[in-house]
Amino acid sequence: MDAEIKASAPGLGGRNWLRLGSMREAGLIAIMLALCVAMTFASPHFLTWGNFRAMLMSFSIEGIVVVGMTILLIVGGIDLSVGSVVCFSMVVSGALFLMGLDPWTASLIGIGASALIGAAMGFFVTVIGLNHFITSLAAMVIVRGLCLVITKGTPLSLFTLPPGFKAIGQGSFGNVPYVIVIFVVVVAIFDFLLRRATAFRKVFYTGSNEKAAQFSGIKTKQVKFWVTVLCSTLAGFAGVIYMSRFGAATPTFGAGMELNIIAAAVIGGASLNGGSGTIFGAILGMALLSVVTSSLILLDVSVYWQDMIKGCILLAAVSIDHFLHSRKS
Amino acid sequence: MDAEIKASAPGLGGRNWLRLGSMREAGLIAIMLALCVAMTFASPHFLTWGNFRAMLMSFSIEGIVVVGMTILLIVGGIDLSVGSVVCFSMVVSGALFLMGLDPWTASLIGIGASALIGAAMGFFVTVIGLNHFITSLAAMVIVRGLCLVITKGTPLSLFTLPPGFKAIGQGSFGNVPYVIVIFVVVVAIFDFLLRRATAFRKVFYTGSNEKAAQFSGIKTKQVKFWVTVLCSTLAGFAGVIYMSRFGAATPTFGAGMELNIIAAAVIGGASLNGGSGTIFGAILGMALLSVVTSSLILLDVSVYWQDMIKGCILLAAVSIDHFLHSRKS
Amino acid sequence: ANPFKCEPGEKYVMNVMVSGVEYWFPVYEMFKQAGQQFGCETEYTGTPEYDVNKQIATFDQALAQKPAGILVHPMNSDPFIEPINRAIDQGTAVVTFAADSPNSKRVSYITSDNVAEGTYAADAVAKAMDGKGEYAVLENPGQDNHDKRIAAFIGRMEAKWPEMKLVGRAASNQDATKAYQAVLSLAQAHPELGAVFMPEANSAIGAAQAAKEGGGKIRVMLADVNAKILDMIKAGEIFGSVNPNQGMQGYMGFMLLWLAKHPELIDPMNDARRSGFNGMGVPFVDNGFSIVTAENADDFYWDAYLKRRGTKGIEE
Amino acid sequence: MTAAAILEICDISKSFGAIKALTGVDFTLQGGEIHALCGENGAGKSTLMNIIAGIVQPDEGTIRLEGKEVTIASPSAAQRLGIGLVHQEIALCQDATVAENILMAAINNRRAPLMNFRRLYADAQKIMDLLAPIPVETPVAYLSISNQQLVEIAKALTLECRVLMLDEPTAALTETEARRLFAIVRDLKARGISIIYISHRMAEIFSLCDRVTVFRDGRYVATDSIASVTPNDVVRKMVGREITQLYPQKLSPERRSDRPVLSVGNLTYRQGSDGVSFALRAGEILGIGGLIGAGRSEMVQTVCGLRPKVSGSVELNGEPVSIRNYSDAVRAGLVYLSEDRKASGLFLDLSIASNISALDLRKLTTPLGLLDRRAEAKQATELVERHGVRMGGIETQVSTLSGGNQQKVAIARLLSVGPKVVILDEPTRGVDVGAKVEIHRLLRDLAERGVGVIVISSELPELIGLSDRVLVIHEGAIVGEIGADELTEEAIMLLASGVRQQRSNARQAHNVA
């Protein structure tokens, strides 16, 4: 039943890129458009740059984490630790900065430390042979614990971050915040690489059928290892941007983020069994979640009802998308 | 790499039951024993009935949910909504009781409502064709929302529950709380059924290879549907016991419970790809998590370090277990 | 001899959920110092998770060691009835703090007045806006003391400031990113939004950032503080905070426990002996709260306090 | 042939747990020869191939390539040494396109950072066209099992290898594709590539190969030049006894009855096409032939309720039966053996016993709803013994069995329910000569006891040798019926290829629906 969904995703060559109708993401785009049109009629504030900027800002940093997660899902993995790693990167960079390091070096070390967490998970998955779920679940707990150890439970206030560094998260080119630019660039690069780069094709092959990939000489353990590292590194990168935006490093930050991120990737067509998924789709999934959340606030829906409506729209979107897609093939 | 683990699980005949050495769970039991022995030396408070009672009480109601989750994992599904459904069952039963229904009827309706949630998820999975992950993720959000809507966000105080009903959660046979008795009975029944009942054999077939099961005349959609319903029903049952134990229905209860429960099942040998798992193993997994948590508190480990150490022990336990198991075969 | 002394091995425990976060630290600090003054042992326990079931497990475990008293913050009130009653029955004194379990047999309850906090916060915001304008709240539905603060805030606005209009309620669930998104969206829907109130500090970091990006015309008001919040208050990015008097909560919490454990010290003129009621039982204590503004923010830094006092906080 | 040995296997042993798959075998492959490797199911042929291809490491023994001793640690190491393998079990990335699967090794070795899909598709199509006109942009998941087998072969053709090993490449192919494959293999030989060829089909071995080596029970038996032996000699060496009669006696004309056990009336199984009707008479074995993708499997699966039908009726022993799903069919006594053992045939992770019980659990259920495990074990032991499955015990995981033995387990399951009509889709795919004879005899016994037997086979000699009557399918329609006396390969091929059909339509048949 999943086969049809998977089928068309990785085959997309450069040529198909422009044929919207045949895209995996067409259904999602249609749902998004429908929602936006409805919202435009429902609220005069919806169709404004201010609102779009607000929505974009609200998911652009998480969007970077979604990129890593999608690639990891494609290789057949999953990472429940991303929320903790985002926080870890913030906390490590923040603590180093408070110890006197300049924020750029501190951030690099923070990202590096996140990559190391990824490497440790990669080790347990590829060398010890545990699965991604349980490994990253343990990592989620351990890394959150590390955040507590480093901060001693209190948010690090990074009020003294130099303006140049704060600008990453808070500055903008005219009307367009840097954060959005960074997000778009990261997404564009990885979307392109995932569709076109030889190295990333191996990710699809490994996720689709690890044995077949091995028979073709692909070092699937290496592939899985590096994708795990990449996912954590991107989470670390996101953490540093969050630090720049909020000027703080809170030890509880990012708790529960992982489910949102996995949901976005899955709505966008990534399979939990590996072998399929696109960055573009995953970002659309993220955007859909974000539009729904902010629409509910715009429409001033009661807080008690917000969760329920959000869940129903999520379910409806996935069902419609599934329906549109399975009819086509 | 997962294959070895799967192999021995469902084939276990009655004879093997006693041969501890050949059991999937032998490694886990060894780890548990080692931990308990170490703790007995480390803390005078560990080996007391008071402490064991506290540990058993802390996981026995969740243990009922673990049973359902394990069966669902075996059929190849997953349920992220269990925490919300536990809460939903509490809240529905509690609200009905406050409206004047007698608590037993109210509880039955609460459990029935939980079963309906399961049926709705089963519908989306088997008829619409969504996967369990995304369906139950949406259900998690929707059902939590329903809890908020029903309670208007404030805990329902069920102080007036009659003593006869409160006894389920708070009473005891001498030194042994009823809750523990209920837990042991539920686990024993489902462990037995899963090993022996024909109906549950179909669960293994479906989870192992759905297509082959269809080609054997098994109505796999029905199997998946009913297992989904069963998992939610058991969660609803657990919710009612929680209600009796706590004499309250809090709309935030059970948030995050699902990860703990899935972790327990996976530590206990359930595969996330379906086709393997045992109730006994999953309960051992739950017990391991609980012993670790309470040991850290007994040893007065700093809160900052608790999470980290807990995560590391979890990882170590899974690795050792994996190592023991893969060496054997 | 001095009667205000502990027996050897007399131990008092403080029990909380989400034990790794700093709100509890100043409470425990004074709990501990009071204990030291009495020559008692103290211990900080609880679960790092936000989970009532796990908290009860740690409470039960602490109980299994038969301490003299437990100062507990019950995450939900009714679930603690049975464990607290069990503790009382086995001779362990129980005092609740910051959240209560009114139907249990706990001896005392100490808290700041959530209603007063919400009311004060409303007055402060309304005054700064000349009693006129739009405001919104970020909520964490389901947590009792937070809900009380919100209700009091809104109630006060409706009663005393009729021209203050509530234009939006969003759930931020103590999550900075959700608060950030919520405030951005609220600002879009209500360009005239002048203030936003939230009952805790985690959301405030995100909310304040969003307010700042929106041009700084939204006043962010909250309850509780941490180093980041204090910095932002000093910089004028956050309007202000109401902060419970955590020190008194801990100190008086200890005293209440100690008193409850030593009823033999007094012989009051009442029916305590006959009825078996604890003559030392004080039903309720209000520990008060402070209003944190740019002027006094410096006094609330936890790190600075630890350094000044030379203590190791919760790790002793 | 005077060429020197290119590959020498000396004294290789390998065991899996208690099972000794190979015991001290020797094997020599000379430059530029096609060397057949024969043996019963489980003789250790695939294991040796896996060792040479670096997938499995031997316990003992040495491998010499062109005189130099080598250790082959991984599939990529094998590739670097110029060793290629077409696996017996299909292992393809279902989500990726045909082209990517074919050229996966090349993609892996690519230096250029970006893919060039245009070139990829063009290159792959060139190779694919040698075998069959499958469009290479199709995701593999859309292909039938036979077409996947072709992709698996095409994959090996892209490797620049000195030694190519083909492990039962024709098991899932029909005559046409097989012939095309032979041409390619001969061409490779002409280019100096040495080939190891594994097959259970004697005819192929004798028309294609230069020498033949026989294994039995994991041991080396003999190597002979093809010219110096007869098929019977080889078979005798394989099974250790004489097999005189390859196919059982057909139904004699006087015992032929007209009573239909199964009759299918105007069954439309594809939207918009014409219905098919046929009847299976008591006592006969009905063969169904056709090209790959003709719709044979689709048709019988529809009869069994495994696919939804558009319209049409099914009667068993003259009674109309309503079959909405497969369990209805099983209950009525109509069972089907899947052609795709791995994907839809067996539960590879589960034990032999539980695989066999899967088709009818009710029989093994006590009144309390519990599984009678003693009965399960008894049934499994009986059936496994009757079919001579080579295994460790009935609790053995099916995935560890050799291909042929897996097939026997699948057939055992089918017969566990005492069916009225059995439909077998490629029943002897990958089964050794001895076992094949046994299966054929078994089918004939069933037919004689009044069980209706329908056999789909792509192996024409089998179809001809076994069937009393053959239906030929072309593009979803029954285009002809051939009686036992007119059965020849030519007659079948003529109908199967659609005599009046142009070449271009063949391509369409391979296309995705």
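Note that the chains are named A, B, C and D in the order they appear, and that numbering of residues resets to 1 at the start of each chain.
We take it that a residue touches a chain if its C-beta (ideal position, glycine included) is under 8 Å from a C-beta of that chain, and two chains touch if they have at least 3 such contacts.
Quick caveat, the model's predicted, so the values are computed rather than measured.
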>> Farthest chain from chain B, going by mean C-alpha coordinates, please.
In response: D
> Just curious, how far off is chain C from chain B if you go by their C-alpha centres, in Å?
Replying inline: 33
>> Based only on mean CA positions, could you tell me how far chain A sits from chain D in angstrom?
In response: 44
>> Report the inter-centroid distance (CA atoms only) between chain A and chain C in whole Å.
In response: 35
> Between chain A and chain B, what's the gap in Å when you average each chain's C-alpha atoms?
Replying inline: 29
> Can you list the residues of chain B that touch 2 or more other chains?
Replying inline: 148, 153, 256, 303-304, 306-307
> By residue number and range, which residues of chain C touch two or more other chains?
Replying inline: 20, 48, 139, 141
> Residues of chain D that touch two or more other chains: which are they?
Replying inline: none
>> Applying that definition of touch, give me each pair of chains that meets it.
In response: A-B, A-C, A-D, B-C, B-D
> chain C touches which residues of chain B in the complex?
Replying inline: 45, 48, 50-51, 53-55, 57-58, 61-62, 148, 151, 153-155, 157-159, 169-170, 242, 245-248, 250-253, 255-257, 290, 293-294, 297-298, 300, 302-304, 306-307
> For the complex, which residues does chain C have touching chain A?
Replying inline: 18, 20-22, 25, 48, 139, 141, 167-171, 174-177, 180-182, 184-189, 191, 202, 205-206, 209, 212-213, 226-228, 230-232, 235, 302-303, 313
>> If we count contacts the way the header does, which residues on chain C are in touch with chain B in the complex?
In response: 19-20, 43-54, 56-58, 60-65, 76-79, 81-82, 103, 139, 141-144, 147, 314-315
> Can you list the chain D residues touching chain B in their complex?
Replying inline: 17, 306, 325-327, 329-331, 336, 338, 343-351, 353-354, 357-362, 364-365, 369-371, 373, 377, 395, 397, 399, 413
>> Using the touch definition from the top, list the residues of chain A that touch chain D in their complex.
In response: 3-4, 6-11, 13-15, 196-199, 201-202, 204-205, 207-209, 211-219, 275-276
